[in-house]
Amino acid sequence: MKTTSNLEKVLAAGHFAATGEVGPPRGTDAEAVRKKAGHLVGKVDAVNITDNQTAMVRMSSWAASLIVKQMGLEPNYQMVCRDRNRLAMQSDILGAYALGLNTMLCLSGDHPRFGDHPMAANVHDIDSIQLVAMVRQMCDAGLFQGGAEISNPPKMFIGAAANPFGDPQELRVLRLAKKIAAGADFVQTQCIYDMKRFKEYMHQAHDMGLTEKCYILAGVTPLKSGGMAKYMANKVPGMTVPDEIVKRIAGAPKEAQAEEGIKLCIEQIAEMKEIPGVAGIHLMAIEWEHRAPEILERAGLLPRPQV
Amino acid sequence: MSDFEPIIVAFACEYCAYTAADMAGSLGMSYPPNVKIIRVPCTGKVDTLHLMRALQKGADGVLVAGCYLGDCHYKNGNLRAQQRVGYVSRLLEEIGVGGERVMMTFMSAGQGNVFAQVANEFTEKIRNLGPNPVKLGAGKAAA
Amino acid sequence: MITAVRKPLEEIMGFAAPYSRVLLLGCNECVTVCYAGGRKEVGILASALSMAFLKEGKKLDIVEQTLERQCDPEYVEEIAQTIDQYDAVFSMACGCGVQTVAGRYKDKPVFPMVNTMFMGASERQGVWAERCAGCGECVLGRTGGICPVARCSKRIFNGPCGGSTKGKCEIDPGVDCAWQLIWDRLKALGRTDLYSEIMPAKDWRSAKDGGPRRIVREDLLS
Amino acid sequence: MAWADKLKSNEFAVVAEMETPKGVDISDFVAAARQLKGRVDAVLIPDMSFAVMRLGALSGAVVLKQQGLEPIVQFSCRDRNRLALQADLLGAQVLGVTSVMAVAGEPVAMGDHLDAKPVYDLTPASFLEAAAGMAKGLDLAGQELKGKPKFCLGARIEPWADDAELAQRLTEAKAAVAKGASFLVAPAVFDLEAFGEFMKQAKGLGVPVIAGVLLLKSVGMARYLNQNLPGVAISEATIRRIRSASDRTAECVKIAAETIKGLKPLCGGALIITAGWEDRLPEILDASGL
Amino acid sequence: MSESEGNARKNSVLVVGGGIAGIKSALDLAEAGRRVYLVDKKPALGGFLPLLDRQFPTNDCNICYVTPDIAKAGAPLDIQSLPLTKVTGLSGEPGDFSATLATEPRCIVLDKCNACGACLEVCPESAVRFTPGLDHKSPTCLRYPQATPTAFSIDLTKCTRCGKCVEACEPGAIDLDMAASQQTVGVGAVIVASGAELFDPTPMQEWYGYGKFPDVVTSLEFEQIMSSAGPTGGQFMRPSDGRRPQRIGWIQCVGSRSTKPPAKPYCSSICCMFAMKEAVWAKEHYAQDLDATVFYMDMRPMGKDYELYYQRVKNDLGVNFVRCRPHTVGRDDVTGDLLLEYASEDGSSQIARLDLIVLATGFCAPNDAKEQAKALGIELDPYAFVAAADFDPVATSRPGVYACGMALGPRDIPDSLVQAAAAACLASQDLEPGGALMSEDSLPPERDTRDEDAHIGVFFADWSGRVSQAVDLKKVMAASANLPGVSHVQELVISGGQAGLDELVEAIKAKNLNRVVVAGYSPRTHGRLFAETVRRAGLNRNMVELANIRDQSAMVHSGDPVHATSKALDLVRMAVAGVTLAQPIYSHSQPVEQSALVVGGGVAGMTAALALAEQGVKVTLVERAKQLGGLALKLKRTLDGQPLVQQVQDLVAKVQAEEGVRVITDALVVDHEGQAGAFRTGVQSGPSMYYQKVEHGVTILATGARQYQPTEYDYGKSDRVLTQLELEDLLAQGDASDPRLDSVVMIQCVGSRNKQNPTCGRICCQNAVKNALWIKDLNPEAQVIVLYRDMRTPYRAEDAYRQARERGVLFVRFSEDDPPSVGQDQDGLMVSFTDKVLGRRLTYNPGTIVLSTPQVADDEAMEELCEIFRLQQTDTGFLLEENIKVRPGDTPAPGLFAAGSILAPKSIAEARTQGLAAAGRALTLLAQHSLTVSGGVAKVVAERCAACLVCVRACPVNVPFINADGYSQIDPAKCLGCGICAAECPAKAIQLMGYTDDQILGRTDALLEGVL
């Protein structure tokens, strides 16, 4: 065991992992964090705390992570490359670790154009793969990115994100390989609807031996309505939602669409369990945290193992 | 100003509009004497600068008359002219002189009647717009 | 080539308001080619500006001149004899030219007439697109001749990000995904191996982040 | 022997046809050649095709060689007997022209010297035999040669109009391969599907097939070919396409380029024939992404 | 005979008749470097054209279009015009004729007369001839300002020698003792273009009331009523009481198509179009509510697209057409209405009430036709027009003597012009091969005036007085004198001849002018003329600018003299500013290849090729089919029944034997480039697609048309339904007992005059008549019925039509909405149709049904040809000419001519004529030996160029390139001079010579001077 991460422990013990996600509030209300995260206590192995998600200013990820940590839930501290240069990133990592955070996820971050500060400088001093490599170097070699030694280096369980569906298709697994090569311990994917293509992706990753080097958690997001299904299908870059899924959700009566979405989610989790190399799921119940326990329950993922 | 007589400069392609203007003459069709023609080999030759200069010097309206789109002797000179007229129009809007003071029109060589009609309509339009504000300002500047 | 676009007339008129006689100075290099500040644009701006003022009853005297290059002191010297006749210089050159002129004629107000945009190439007549960010350390040899710094919205060196869709960038379907282009090109070149190497974090000192840059060639100094 | 190497590589070969000028002013010929440098694998020089008298193919080949191109020179059996043919083969060898293609030669009646005496001493097959024999150091009379010339040999698959004729053409082609041909040139393709069918049958030939791609110039030419050339059927859709294009020549170039692209998965290479419009070859190459 | 005289003879042609046809022949010959004697018995040239207010079908006034040619390009054409002159004898042979000419005294010295009109005012006997007005017999009128010469003449038969005119004449131009003169000229060939006369309806007074009722006028008189310069001064009124007519009727065929003398049996061919034009013009310009009706037997608009004109007049413009036989005109004395009685189609008698009746009078041979024929030794046809053979349509019975225009019978202007060009071509063949025309060497050296201050001369020329009618010229002249740089102002008297231009040249020299403005003309029509004129004065051609105060001020603001005058001054001021900034443009000349490419080996193409070869021009003749001959190979007889096969075969053989003609059959034209004098055309021939580039100086397109393949009337379903061509094959077999020929029904207008093809096939009616007569020749008992819509048999084809009726051929009319139907019944092949007289449907079982199908444009081939040669098609698919009225056969592209059915359906005779005409037109170009390439091209100022490539991208013909020195370079020989690059150049490094920015801005500034 390299770290004290609960998630690492669960995965290392060979359990099918489940992680959740909580977006910090756009304000200073710690209660809001507690309320959202409260639904997940005891229900997931770790919870992702997003970092200025969709390029909107929110409570900082590390602070929200601490609040969650205090609730006895393991935070997965997210960090994007958009807002900080390598100095700020490293200092934040040191601080986070010092305060007890041991699991983090490295991301590029959405472009400022999508958020509420489109005029902001788009930093991108390093990219997400370079971030993974930087954290890996900090932890393993005990060196800052610039080469200086770190006294008492951090030990992070390092995660990266992957999108199995963006273009060019053939680069998707290669990029995954790159992230793993850079030092990712685990990978959480973008939410999956197109199971056929995801299976191909996993198959390829498995063939390349990537699943042995790294835990891959498949992303799932329950569709709340036909409208959401259509939005995901048409508006979200790098996302594919098969027609039959859109039809299935949108085709259900209005009041039954949410239930249909949950049903689909549960079916897919079941399917994912059977895919070689899938080490767990990452449930992104966006603004639906309160229904996460039900989904996990019905998917047979509760109770969570204690390790 | 009731006695306002606009001055209109017309850049006319010699293949079509200039000939049409001559044709208007030989058919005895009258159009307002306000319209004075400058002949060009193709409206594609009419520079943004020429249009601007005419207005700067006090013309109340500028007309560019070329062949029908697709009939240009030089493939797309008239299309280019049309784009330039659009550009000048936007620029005139920006400085408050009025984008309607420039206009592009198309006709064939035999259409003396069209030339006369366009000249009439454009003169009328400019008459309604009133004098080029540059002219009024110049009076003030001199005073 | 450096690209630029003319400033809004309103801003220019603000600059001009206090003056009665100005020199409108064009540049016969980059800004000529990108239709921002060559002889022709000088003429158009002069016309527009004088009309805009005259309309308000003010006669602004504008003298048009175009230098070969405003970023070389020798060319800028050409106006030394006449500059005293003007209240101000309105430069249509890129920022380099404006500064060279302003640096030479320290007691004369010099105003920029254009917004300097980027180093770009002409995609076709009337369209210019950014191609180089001047980062000082070229990686084009490893990316199939397509620059991730200038052309990827997130400057990702190990792209593409998850937002790449059908060859287009997530920020705008009108913008090509640089990494799609890079990948296509590497495939065509048979050099997909270049992709699997992780490009390390860039040293931004070579770019402007290291402070204002200059190039000195010792052998050429005189 | 760059051409022979190309054939061995199994990559899609691109060959341009360049007719020699009728006369001695080779300026256009050279200008066209310059445009092709580095862009095609070889240039095929017909030997007075359709019996129209022109500058000798071998001379043309030497000119192209000087321009840095790889020539393939045709030898027509119509105009020379076995002495002359063999002598010229030796000449080709010493001038560095080593890619040689045998053709029968169209009847004299098609050309511009109606009174000429057709020779046909050898057939293309026996010509190939002669050339192959030379590699062993012997001429057709069994006399020993000083030095053993080596050639990369090719032959044509003659045009066919129906299935029976096709079978015969394939038999002839097989014979040519047996006699030493290492590539075969097929007539101009206008219907990729039909050509695909042909290639299924031609698989057994064992050598690359280079298919002709003829640049159409106008609707009139398409109609003319349909009427006058056996086996040619340019579809009404293609003709309509040319007719409705705003720039007909550009459309014809596009069509040729599409044919070349379409041939890539089907056969060993394309022979681009422009019949006088050699200056358009670069455009075709550009458009076909070669 | 001295040697030089002999040489002159071998290079001279006598043209008899100065109407449009004669002028055209003379111009073509003179342009080809020949000397021409142009004689006319009248005091001035012009013929009919000047009497017409405007011409169908364009409704243009074409005088303006034709006349600038008279002093073409300022080069002195060698035309000696001899008015008041007749030919009295002709001896010798082709290449060596002597013609005696007799000239009546004019009694006015041309050099002195300024046409002031004082003599006319004082003459008590109206002996002075220059009478404008309603008298259609008047020799000319003032409305023809370009009359050559512009001078009066005195009719001695009326003169009383009172001497008042001599006193009144300020210049002293009158010499009443002037004697008649005679002279002999030596010429190589003669062209008879003596025209026709209008039929005088006076003897038919009892029917039409002409001469009895003042409101019955001839069509020519009506033209005068409509003319703004006519006797009514532009007031549209009827003669009797000055009332504005509300109901006008045109009576067709007055004096034509009648066997009752003095009327003529033939069809005068053009009166139908003439009447329609008048009706339309009257309606459009005077009274839109006008009730205009044409009373006619058959409408015969047969020229190119004339049928479309007819349909438009009928359907869109609201002119009424009544098919009938008009017979008597009376008058209601109470109302003053004219009463026209006519027999309608169903045989009933009707009366129309009208305010004005216009008699569409036909044409007849001049009264001195026989006398002239005798003097020239040529034969006349039965109607006293000059006789010509069908296969040699402009050759007379005497070798070396040719004829054209109305001298050969009534015809319209385009046909006359084509014949004129053809006759000129044939005449050339009797002369020595032509020599080079004037070259740059014969001009004085050019002065370099670049460093001089501007000395501008402003010249005012008011050819017709049109300008001074609206513009206060004196005022404009006075103001012009004060313009900057102007040092001289002068009024210029310019007529059709050289005199005024010489005056200009003299003034430039005398006043030491270096720049010139000519006010009065459009640069479009006269720009080149004055450019050449100032060049003759030693100035660069670009040192003149025209102020178009005629068309663009006087003509358009005629009702507003104040503004017309101030605008005229504006225009002059702009021109002065422009010319002040003008820079010399140096043009260079390039040799003209003395060779031609003829595309199409039908009759027209072969004829053209032979005609050119006979003049020593090397010809390449390209034919798409495997053999020469074209459509004519399928014809067996000419329209007048002469055997044809042999003649076509002979023509083919002659072409093949001609050394100067290289024939390429089985060939396609695939590309074309270059300019007049130096074309290069790619030709691909044979299955080998053997590609060759043909270099040639001129091009003649004669690719013909295709015969319409009917789908109507069971064609193709029954072997008894034939086309006329197939019938000809049958007839040529000569089997009188063939049962298929026992009874024949012909159906006209199959595939023409309908929605798909609105044109008239032009020759199908004549073909039907020809074949009907042929059937009758074989089997007089045979029954032939022709179902027609209008029988269109112009001039003598009318004789054949009449003959056919006399010999029992039945002609039954059907209307478009009630066509015949064809089918099978128990008796076999069946046709049914409505008989208008009986008013019911009849059924008939003929042995054969024959469909009269037209020639139609071969759309696919035409599209391609037009693309390759960058020409355009008309709406009906045929080739678009430069101007169908006055430039038939010329295309808009210089050096490219067209002949035959490529232009419109044509008979063999017409194809022959057109082939000759195109050859003649081509010869005028080839005669120039070198062509000047304009220097009005884009020029790059290298040091300004930023090498931005904009010009390279903008040029429509890809001329500019960035050269080794790193700046844009533009080849002046290839530049078209459009100026697009100059306008786009962001560095203002490109200037278009002749239209520099300085000049354009200078004009703008001059116009707007003082506005701010």
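Labels for the chains are A, B, C, D and E, by order of writing; each one numbers its residues from 1.
The rule is simple: a residue touches a chain if its C-beta (ideal position, glycine included) is under 8 Å from a C-beta of that chain, and two chains touch if they have at least 3 such contacts.
Not measured: the values here are computed from a predicted model.
Student: Strictly by the touch rule at the top, which chains does chain C share as contacts with chain E?
Tutor: B
Student: Give me the chains shared as neighbours by chain A and chain C.
Tutor: For chain A paired with chain C, there are no chains in contact with each.
Student: Could you tell me which chain lies farthest from chain C when each chain's centre is the average position of its Cα atoms?
Tutor: Farthest chain from chain C, going by C-alpha centroids: E.
Student: Count the C-beta pairs in contact for B-E and for B-C, then report the pair with the higher count.
Tutor: Counting C-beta pairs in contact for B-E and B-C gives the edge to B-E.
Student: Suppose each chain is reduced to the average of its Cα coordinates; what separation in Å results between chain C and chain D?
Tutor: Distance between chain centres: 53 Å.
Student: Rounded to the nearest whole Å, what is the centre-to-centre distance of chain B and chain C, using the mean of the C-alpha atoms as each centre?
Tutor: 35
Student: How many angstrom lie between the centres of chain A and chain D, each centre taken as the mean Cα position?
Tutor: Inter-chain centre distance comes to 62 Å.
Student: Taking the mean of the C-alpha atoms as each chain's centre, how many Å separate chain A from chain E?
Tutor: Inter-chain centre distance comes to 86 Å.
Student: Please list all residues of chain A that touch 2 or more other chains.
Tutor: Touching at least two other chains: none.
Student: Which residues does chain E have that touch at least 2 chains other than itself?
Tutor: Only 954, 1012 qualify.
Student: Which residues of chain D are in contact with two or more other chains?
Tutor: In chain D, no residue touches at least two other chains, as defined above.
Student: Output every touching chain pair, sorted by label.
Tutor: Taking the chains two at a time, the touching pairs are A-C, B-C, B-E, C-E, D-E.
Student: Quick check: in the complex, which residue numbers of chain E touch chain D?
Tutor: My answer: residues 624, 668, 670-671, 682, 684, 686-693, 860-861, 863-864, 867-868.
Student: Any idea which chain D residues touch chain E in the complex?
Tutor: Counting only chain D, the residues touching chain E are 19, 22, 49-52, 106, 110-112, 217-221, 223-224, 228-229, 243, 248-249, 275-277.
Student: Could you please specify the touching residues of chain B with respect to chain E in the complex?
Tutor: 7, 9, 14, 18-19, 21-22, 24-26, 28-31, 33, 36-42, 44-50, 53-54, 57-59, 73-77, 80, 84, 110, 116, 134-135, 138
Student: For the complex, which residues does chain C have touching chain A?
Tutor: For chain C paired with chain A, touching residues are 153-167, 170-172, 177, 179-180, 183-184, 195-196, 198-202, 204.
Student: Quick one: which bits of chain B touch chain C in the complex? Just the residue numbers, please.
Tutor: Residue positions touching the partner: 47-49, 52-53, 55-56, 91, 94-97, 133-134, 136-138, 140-141.
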